[in-house]
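What follows is a pair of complexes built around chain A, which joins chain B in one and chain C in the other.
So, the complex of A and B:
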């Protein structure tokens, strides 16, 4: 399993297309920095094949005032959870 | 596990350095070994010796130094990226005929080969980019 880090909003960058195309069926994606806006319900359609495999970093949601606005399509984790994900993944790939 | 981080974002211009430092502390808190941080591209500015942010803001350079002092983390700076941006240790400054120097221990100028090596010799390599 590979962990993919995405730090761009799906509405301001198309790098998400490359990230999604590169993902295997068991891979996970963690949204960080401006990427956490992908947790908004309106952005859920971008991640429709990632049920249960999409995460967003709590600290970056809080700093953007988005923590209470996330949809069901994303699991919120904190930086300790970020470490967990890197432990569980064989590799981590950053998309930016 | 042995972790290495790659930091490619400039301090105070993108979130990358802050994200990396926050993750670094969490890795250590978990009991892992944060063996190496490699600074590349604008990330090399994290090593600026004369960096002096306002006192009520996080001092990224000191944050990295603390990781070295308390946990032995190696702080490696790409020499090619550093020299281009005016980040020279005493030896390089003398070699290039410059007055003064802008980088000092525990930061260490090193080649890109060290980054490749880090990819092989650590269990995890995590990249933080702008």
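So, the complex of A and C:
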């Protein structure tokens, strides 16, 4: 399993297309920094093939006022969860 | 080709230039930025050269705007800024001869392999997934 880190909004950047195209069926994606706006329900469609494999970083959601606005399509984790995900992955790939 | 392992699938089918058989290596460098506009492309290429100089098996994947790095006919910038085409020419000297190009990126820009300065292997979408899995380290530029 590869952990893909995305730090750009799916709305303003097309890097998400490259990231999704590079993801295997077991790979996971973690939204960080500006990427966490992908947690909004309106953006769920971008991630429709990632059911159960999409995560967003709590700290970045909190600072942007998005924590309570997240949709069901994303699992919220904190920095410790980030570490756990990293441990479970055999490598990480950053998309920015 | 010193020290370059040829994958079994390729060995059985020497004619396959466009294929999705797995290319393995130590480091996959993904280049997603065009020449001249920023230093991302140059930094990615520099990283590849350094890794190769230290004996790592390096694969380059040109994706997105990165495919423009391979176009023929590139020159220095209007103020004489060095481009990256010179570095592309040097890749073979560093034994970096596994050049993969995202076929989707090429096609969506109306380009084909005839527009490129070096022979490349085209990768379709699923091939990119295999590339990431078959390299120990992946760096994105």
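As a convention for this text, the second predicted complex is superposed on the first by the 96 of 96 C-alpha atoms of A that agree within 3 Å, B and C clash if a C-alpha of one lies under 4 Å from a C-alpha of the other, contacts with A are read in each partner's own complex, and residues count from 1 in each chain.
One rule holds for everything that comes next: contacts are C-beta pairs under 8 Å (C-beta built on N, C-alpha and C of every residue); 3 or more make two chains touch, one makes a residue touch a chain.
None of the values given here were measured: they were computed from a predicted structure.
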Partners on chain A (chain B, chain C) - clash or fit: fit
Touched partner set for A:23, first chain B, second chain C, both or neither: second
Partner chain(s) touched by A:83 [first = chain B, second = chain C, both, neither]: first
When both partners are placed on the shared chain, which of chain B and chain C touches more of chain A: B
Contacts of A:32 with chain B and chain C, given as first, second, both or neither: first
First, second, both or neither for A:59, with chain B first and chain C second: first
Which of chain B and chain C A:96 touches, first, second, both or neither: both
Partner chain(s) touched by A:7 [first = chain B, second = chain C, both, neither]: first
Minimum distance between Cα atoms of chain B and chain C in the superposition (Å): 6
Chain C-contacting residues of chain A that also contact chain B: 93-94, 96
Contact footprint of chain B on chain A as seen in their complex: 5, 7, 32-34, 59-60, 79-80, 82-83, 86-87, 92-94, 96
Residues of chain C touching chain A in the complex: 32, 63-64, 104, 125, 128-129, 132-133, 136-138, 140
Touch list for chain B against partner chain A, complex: 1, 3, 15-16, 19, 22-23, 26-27, 29-30, 32, 124-130
Chain A - residues contacting chain C, complex: 2, 14-15, 18, 21-24, 91, 93-96
